[in-house]
Each structure stands twice: as structure tokens, then as C-alpha cells.
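Notes for the one structure printed next.
Letters A, B, C and D name the chains as they come in the text, with residue numbers starting at 1 for each one.
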Amino acid sequence: MSRLLSLAEAVESVVHDGDSVALEGFTHLIPHAAGHEIIRQGRKRLTLIRMTPDLIYDQMIGMGCAEKAVFSWGGNPGVGSLHRFRDAVENGWPHPLKIEEHSHAAMANAYEAGAAGLPLAVLRGYIGAGLPAVNPNIKSIVCPFTGEKLAAVPSIRPDVGVIHAQKADRAGNVLIEGIVGVQKEVVLASKRSIVTVEEVVEEFGPRSPNATILPAWTVGALAVVPGGAYPSYTFGYYKRDNAFYKTWDTIAKDRDSFVAWMKANVLDVGPEVFAAQARKMLQAAE
Amino acid sequence: MADYKPNEMMTVAAARALRNEDVCFVGIGMPSAAANLARLTHAPDIVLIYESGTLGTKPTVLPLSIGDPELCETALTTVSVPEMFRYWLQGGRITVGFLGGAQIDKHANLNTTVVGPYDKPKVRLPGGGGAPEIATSCGEIFIIMAQGKRAFVPKLDFVTSLGHGEGGDHRARLGVKTKGPTRLMTDLAVFEPEPGSNEMIVTSLHPGVTREQIVENTGWPVRFAATVAETPPPTKIELEALRDLQARTARAHGAAA
Amino acid sequence: MSRLLSLAEAVESVVHDGDSVALEGFTHLIPHAAGHEIIRQGRKRLTLIRMTPDLIYDQMIGMGCAEKAVFSWGGNPGVGSLHRFRDAVENGWPHPLKIEEHSHAAMANAYEAGAAGLPLAVLRGYIGAGLPAVNPNIKSIVCPFTGEKLAAVPSIRPDVGVIHAQKADRAGNVLIEGIVGVQKEVVLASKRSIVTVEEVVEEFGPRSPNATILPAWTVGALAVVPGGAYPSYTFGYYKRDNAFYKTWDTIAKDRDSFVAWMKANVLDVGPEVFAAQARKMLQAAE
Amino acid sequence: MADYKPNEMMTVAAARALRNEDVCFVGIGMPSAAANLARLTHAPDIVLIYESGTLGTKPTVLPLSIGDPELCETALTTVSVPEMFRYWLQGGRITVGFLGGAQIDKHANLNTTVVGPYDKPKVRLPGGGGAPEIATSCGEIFIIMAQGKRAFVPKLDFVTSLGHGEGGDHRARLGVKTKGPTRLMTDLAVFEPEPGSNEMIVTSLHPGVTREQIVENTGWPVRFAATVAETPPPTKIELEALRDLQARTARAHGAAA
């Protein structure tokens, strides 16, 4: 049953040093506020799992939270490199980062298999590609009916899954709309979970009979963080701050400017700053 | 005919290759510009799919990321990412996939993973994302890449996604039933696979481009088709549609700052 | 691209003698009108695939359309036996019926795998159960990561998939709501398909961003048949006729009363009778 | 205490076994009556799931089928059937599954497939449906069946779903981590697995039922626990809630005729 906590309490009680942690959200609903809180609480040696490491993992890696990254595409979408991620891989700064690299198809299937309680995902994948030679977690099975060789990857079953969503109701059920990504899968696949939401409502009210809802009993800690996905976005609430994604390229390029930005915008503030940032994007959208 | 830049010629050439009846798996950047240009000009019914799960999307501005709000707001519907990769891509429902990369070889294999050794990379690139399965699951593959010797290399540092492998029937020998790269659009020319060898050869030069320019900007001993066409330059309609799209996009992304 | 046809034209052009045909709908949206049309057109030697054979296959089997049934639960839900199905299996009337029997989990996974273009589905299933000993299409694979033995079944990829849905728009896209069952999967898994709908609307209008929609280019023949799911139901349109399901038990128990009912209610009429039957259930619901 | 029928005692006994915090996979018929009775009496927060995909449903009348409109209309949400079996059942999210059958043996294995040989059945029953995986994926299994020698047999004609197999640690030896049948509610008694052997033994007799009646209605040499309790009879509240539910259901299903 989901417990309504402050974000600080949620991270404190759910995320431990050394955990495998998946903060998911495919461009949409990226749990930036939760990522910042993990940084503020100084978590170390995390295995960070995420299809698109993105700004959120650039920040966590640059601040030294990560020992390993499991991912399928590590860039700043539409902009370019993740400079902190590259600095860790290429130069070992702030310390070396192990990587386990997959394709999107494999990771999406692996989350699906994790949610389904299976030990592996099977896909027609990686044919003629270089990754199987460098990632021992890409194996194969042979179809007993057709003889076809298919790729197999371990299902993803993180210690902790973290997502952001539109809203929860008083009972603690969570509603997700728009680009739903692997949001539902990562919560169902994880041993523990944190869900941040824009708001808590009395009841969801009229909705599609097939709305994407995580029932309260599948959710761990629940925290209300308005704007918690900024500079990503929350469908129905505020837009993506595409300009910030471009600005990040400059901030992150240099170690000093990165550290200064993190101090001013993460270490010295709290999750309450997200509401104002999202408000700005709401106005921009109107 | 208006003045245009080589990048515009490349995007227009890519757009023209798309058909009204195509179902296109679109990547961010030039593929997105080309696919939407096609939709706004000669292929109004083309189905655009982005890997974020948006099916049949019709954005009025180009997305910066693969999952910008516009994509979902204008889509017929949006499915989960596992479903996108299972039912739609692996299910064989996509006729054309667009790819690009940091490096390409003469058989149109692509590298977007690393420059240098994998374990100790000189440059760590973003990685494959959807590409390894896009490359084998889509009916055919169109590639858009600006030409240059650092990108058009004799040997890839890493094979992120399969093109024609070692050439010939290599794809078929790997059990792959799709066509692979059928067209490579650069800022200088159009390449197509030579029947039999499946080596990418120049079949059309963009207006004003010389064979020498192609040779200088290709890292392998580039070959030309028996008959090399000249790419028709962008029409006024194409250029206006492309520039309008890019102006709207710049305003939309800038305005958010 | 979906083609709008009459139901008779759709069945005529899409369903051939000897085809494997899956008429799906998990209690909800069962394509009864399409089943009746297949009977009227006298299709023979079909392999009928369906998780819950139900009244619709009781009728098709009793009328001699089927050579084989692939299924996971063959009963009249909440009522009892399928008498025509039993008569075929137990007594070979009107002729013998081959069966391939699975569990629900296996068939649901097999449809999913069919939609996903895979040759097999993998599940943790059939442990300690008797079916693997009598169904050679239940095999296993070994997980290369954990060593766990998991069940494997061939994916379902029918020649023809047939479903009923709420509505199509002018472009031929199909919207499905409520208990969505395996409706989407069976259409995506099939080589050809027929979708019957309650109505065609200009545009779907406001809807969930994640509505279950089959794009026009994934749909074969489209036919408008108001009430086409009766005595099953269409969420948002009319209720299930639970009383008829009970009545069917009496009709189907006896070969003669079955044949008489089929003549009067199927052979001698057309799909237009469904609208009135559904209207009755609409009134009952009000 | 009101007068009641054996069937009512069976349903009430099953309802009582459910806890407010359970997530219950409900089958049609008696399990559905028992689960909804629990929800309407002592377990208002119990989560009811039907294999049609309805999560957290709260029907006001009992469904005739597994997918009646009421189930979807009153559910928190409704998922596809593949998702139901993958994420929810196989995912290990169900605490209690309800099963019944045409035949049961002393280790609570069940048959709902055939009477007689599989290839030439005397009676072709509906088959397993969800049962084979419900039996192994749910945290524990409750069984409801009216007692009688034709149903409580020494050897099943077919093992549709695993109970305790051959007894003892057979489930564990098959790699199954869930508890299996922990409780069998009949119209005469409650059975529970004997620690060690996992043979179902009588642990509680319904009021007025004798040991002789149990023996007469069980096809194997039935055994009794060292201490056999008497099942508390249905309370007024339980009986009224059950009868109201069944009356509403009869009206609703009849009205449609």
C-alpha cells in the first residue's frame, strides 16, 4: 500500500547506497526532483538503470552517485552529448563508471519481463550488431518450434523504481497519461518504488475505462512534488523546457560550471523549487 | 528556383524518397525534418511513428526530443514503449526506418557507439538506442548523413547497427528478411546499394557537386553507378515548407526559454 | 488500409475454407454477427482458435464449420457446458473435432507473441499440470541466465482474425474500450482481419491519449453491424443478455432444437437482426 | 441465528477466509459470491481481480460471466488479457486465488478437463482456463467445492491444475515457490493441508455435520485433524448480505430476458 511521504522521507527510507535504481520516464515524466533528492542525500555506488540516461543521470553521475550505468541511449536528446556521462566513461571523473549497454528494444522488453515476473526477455534483436560481443548479458535461446535463434536478456528487476506521474487519488492509486513509456513496468518490476506526482485528488472521476493506473497496493512511497518532472514535462500540466536542454550543454561541458550549477540549483535548495519552474513552462505554453 | 543550402538539399532528397503509403519510424533531427516535410508536401497520409510510442503523429513543429508533447498531442494514439518495440517495430509493421550515425562504411553499417576501442573510448557516443532493431525490423532503411572522411570510413570502430554487413547476401545469411539500407542521402549525393554486392554507390549527384568532391569526402574508394543522375534541386514549395517548419520549430523551442 | 464492406462481402473475401480463424472477444465484444455470417456462407474445415469457445463456437461447431478447435476454456460461462462442442468431441457430431488445448495464460501470451512477430511465447506455466503430456505444442526453454525451465508455446498467427469493436472513424481507424481482451493482439497477429463495429463516426473526438486504437493500416475489412456482439455486449452501447446465455443451454442441449434455432435465427436472416436484439438490451439497461 | 443452507455455509466459510488486505483472483460462481461477500462484510478493502482484466472491481451484482459489464464499470481500471496474465498473475501480485473443479484428490489437485480418457472422454468438461497458472502463481489457493464421492476421488482422471501434487514437498521439488491450496471449503467442512504430508484433512465441521457424513461423501480414506473445530454458523449479517447479493443478482440477470 502506498505511503504518502515527503520526498526527503521517501528517498531516505527507500534508496540505499549500493542499490540498483531505475529512474524512468521516456522523455516525458522524468523524475528530476527525485533525482535531485538522491543527490542531496549523497547516495553512493548506485547502479543506475535507465533507457535514456539523459540530463538526470548526467547530474547523478557527475555528482558521484553512480558506480555503474545500464542504458541504451546516453545523450542529450536533440542536442548532443551528455558531458558528465562522457567524462566519467572517458576520463573516470569523478570516478570510473562501469557500463552495461543494450538496445532500446532489449531494455523495453527487459522491463516488460521484469513486470511479468520472468527471469528473461526474448526478442528478435541485435542481429549483426556489435553489442553482444561486449555485453555478456546478451545471450540467446533457440525457438523449440521453428529453430530460430532469438536474443535473450535478463529481465530488469531493480531494487528501486522511481517515476513521476500526473496524480494520485486519496487511496494512493496513481494515474499516468500521455507518453507512458515504461513507467508502469518499472514500478511493477522493482522491489521498492517511489512515485512523485503533481497532485493528490479526492477521486480520479470520469476517465477512460482503460486508463493507465498503478493501484495503491503496487506503489511504495508516494510524494507530492508539483513540477517534479521539470525540465521534462507532465502531459496536461506543463511543457518540456526545450531551451533548458540546450542550455545544459553549456553548463555540463565544464566541470566547474557543472559543480557550481549543482550547488546553486540542487544542493542548496529543495524540491519546492520545481513548482515555480513548471509554472514558467505553463505560462510559456499558454 | 531559390538558393538553398546543402543540408536543405539533403533533407529534401530524403523527404522525396518517402511515399504517401509509408509507415515511417522517425528518429530525431534530420529524419524528423525529412519525414515531416514529406507529410507537409507530397505524402499527406504518411504514418509517422516515434519510438516514444506515438502512432500517426502530425506535429506542427519539429520535436527536439523523441517524446516532445507535440508528438503525443497530435498522435492518433500513444502506446507504451514495450508495446512500441514489440507490436509495432518487431511486429514488422514499419515500412521505412530512418537512421543516421557518426560513422558509416561502404555497406551502410553504422556506428553511433564509440570512437576508439569500446572499453577505452576516445569518444563515447550516445549508443544505439533503437537502431539495432530498427535496422533489421523495418521493411527498408533510409540513411541521412552529412558526408566527410571522418564519418564515411573504411572500417567502423564499432558496428552499432547492421547495414549490408560484409556485403552481398550477408543479411540473408544472418536470417534477416528485410531489405536494409536502400538509400543514403548526404549533403552531396544519393547512394544506393549496387545489386549483388550491396555496396553503396553513388546514383545521383546533387546540383553542382563534382565526382571529385565525393571522392574527397568519402573514406573508402567510392564507386559510381553506370549512369549517375543529377538530383533535381529543391522546388520552391519544398523549400518554403521546410523553412516554415524550421522557423516554427525555432520559435517554439526558443520561446520556452 | 481498412476497406469498408458489407459483412457478407467481408466474409466472402477474407475467410476461406480450411483457414485458421480466430474470432476473439473475452466475454465482451464477441463477434457473433460475423460468426453467423461465416455459418451462412457455409465455410468448412476451419481451425477455430479462441480462448473461450463460448456460444459462438458452439454454433459454428454444431453447424459443421470446424475441423479443429484451439482453445483454453470451452464452456458457457456461469451456465455450464457447450453442448454442441461436447457432442462433437464426445460423439463426433456433426463430425469429429480435433482439439488443441492450452491454458488461458498460454493463449494470452501466444496472441501477444503473435502480435509481436515472435515465433513463440515464453511463460512460467503448466507446472505440474496434465496438458503438456497431451499437447505436443507445449514445450519448454531454459533461461540462459537462471537455468529456470519455462513453458514455451507457439505464437498464434491465424490466417484471419475477427473482432467486434465500438467504432471506426472515416479514415478507418478502430476504437476499442472496456474489457479489451486480446482484441488488438488478434488483429495484429493475423494475416487478414475483419472488424465489425457498432458505428462509423466522422472523428473520434476527445479521448484518452492512450486510447486503444487499431490504426486503419492495420485493419483488413471493416463492416458496420450495429448490435454485432449480441448476446455478448458492447461497452457504452448495450448490455450482455445474460438470460439468453441461460436459454442457450436448453436450445443447444438437443440436436433438433439446435438445428431449428440456427435455421430460424441464423440461416434465414441476415446481420440486420442484431440491431433490434441489441436495442432490447439497451432498453433493459435503462 | 437464522436458518441457512449448506451452500450458504460453504460460501460464508470461504468469505471468512479472505482478509481485508488480500488481492484476490476471483473465478465465476461460488468464488465470486464468496469474494464479494467478504468485500461487503469484514473485508471492505479487499482487491478483487477477474481474469477479464478488471482490477479492483466492486460489482453490486454478481457477474454471470468473467467479463460482465458490471466488472469493468466498477473497476479501478481494466487491462488487456495478456497483461492480466503477465503482469498481474505471473508477476506474483495476487495473494489468494480461488479454484473449484469437477474432481479433487486428497492433495487438492483438481480436474476440470475430462471425465474418462483425454482422447476419448466420457464427459468433456470446459478445461483449465486460468487454473493451471492460478494454481502456481497466487500466494495461496482457496478451493470451494460441494462434497460428494463423484467429486472427491482417490485418483483424478486428469490433473488440470497442481495442488500439492503427490504430497509432501512435491510443489517445492517442481520449483514452485507459492503455498498452493491452504484451505478447502465444502458444504460440510473445512479441510486444510496436514503439515508435512500436505494431505487435505478435516479441520472444521460445519454445524450439525457428522464425521460419518464426511466419510460417506469423500472418495478417499478421509482423515481428521487431532482437534476438529465446529465452524461458527453464518451470522445474521453474513446471511443477509449474501442473500441480498444473490437477490440483486437474480433480478439483474433475469431482467435482461
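Please note the rule applied: contacts are C-beta pairs under 8 Å (C-beta built on N, C-alpha and C of every residue); 3 or more make two chains touch, one makes a residue touch a chain.
These figures come from a predicted structure and were not determined experimentally.
Undergrad: With respect to inter-chain C-beta contacts, which pair, A-D or C-D, contains the greater number?
TA: Between A-D and C-D, the larger count of C-beta pairs in contact belongs to C-D.
Undergrad: Taking each chain's centre as the mean of its CA atoms, how far is subunit A from subunit C in angstrom?
TA: Roughly 39 Å, centre to centre.
Undergrad: Counting in whole Å, what is the centre-to-centre distance of subunit B and subunit D, each centre being its mean C-alpha position?
TA: Taking the average C-alpha coordinate of subunit B and of subunit D, the gap between them is 57 Å.
Undergrad: How many angstrom lie between the centres of subunit C and subunit D, each centre taken as the mean Cα position?
TA: 28
Undergrad: If you look at subunit B, which of its residues touch at least two other chains?
TA: Within subunit B, residues 72, 78-79, 86, 90, 137 contact more than one other chain.
Undergrad: Can you pull out the residues of subunit C that are in contact with at least two other chains?
TA: Residue numbers touching two or more other chains: 112, 117-118, 123-124, 148, 178, 180, 184-185, 209-212, 235.
Undergrad: Taking all chains into account, which pairs touch?
TA: Result for touching pairs of chains: A-B, A-C, A-D, B-C, C-D.
Undergrad: Help me check something: in the complex, which residues belonging to subunit A touch subunit C?
TA: Residue list for subunit A touching subunit C: 117-120, 122-124, 137, 139-146, 148, 150, 152, 154, 177-178, 180, 207-212, 235.
Undergrad: If you look only at subunit C, which of its residues touch subunit B in the complex?
TA: 1, 112, 115-118, 173, 184-185, 188, 209-213, 215, 217-218
Undergrad: Under the definition above, what is the set of subunit D residues touching subunit C in their complex?
TA: My answer: residues 28-29, 51-54, 63-69, 71-72, 78-82, 84-86, 89-90, 109, 113, 118-119, 121-133, 135-137, 158-162, 165, 170-171, 174-176, 252-257.
Undergrad: Which residues of subunit A touch subunit B in their complex?
TA: 26-28, 51-52, 71-75, 77-79, 81-82, 85-86, 89-90, 101, 103-105, 108-109, 111-112, 123-131, 134, 148-149, 178-182, 184-185, 233, 235, 239-247, 281, 284
Undergrad: Report the residues of subunit D in contact with subunit A in the complex, numbered from low to high.
TA: Residues of subunit D touching subunit A: 21, 23, 47, 55-56, 72-73, 75-79, 86-87, 90-93, 137.
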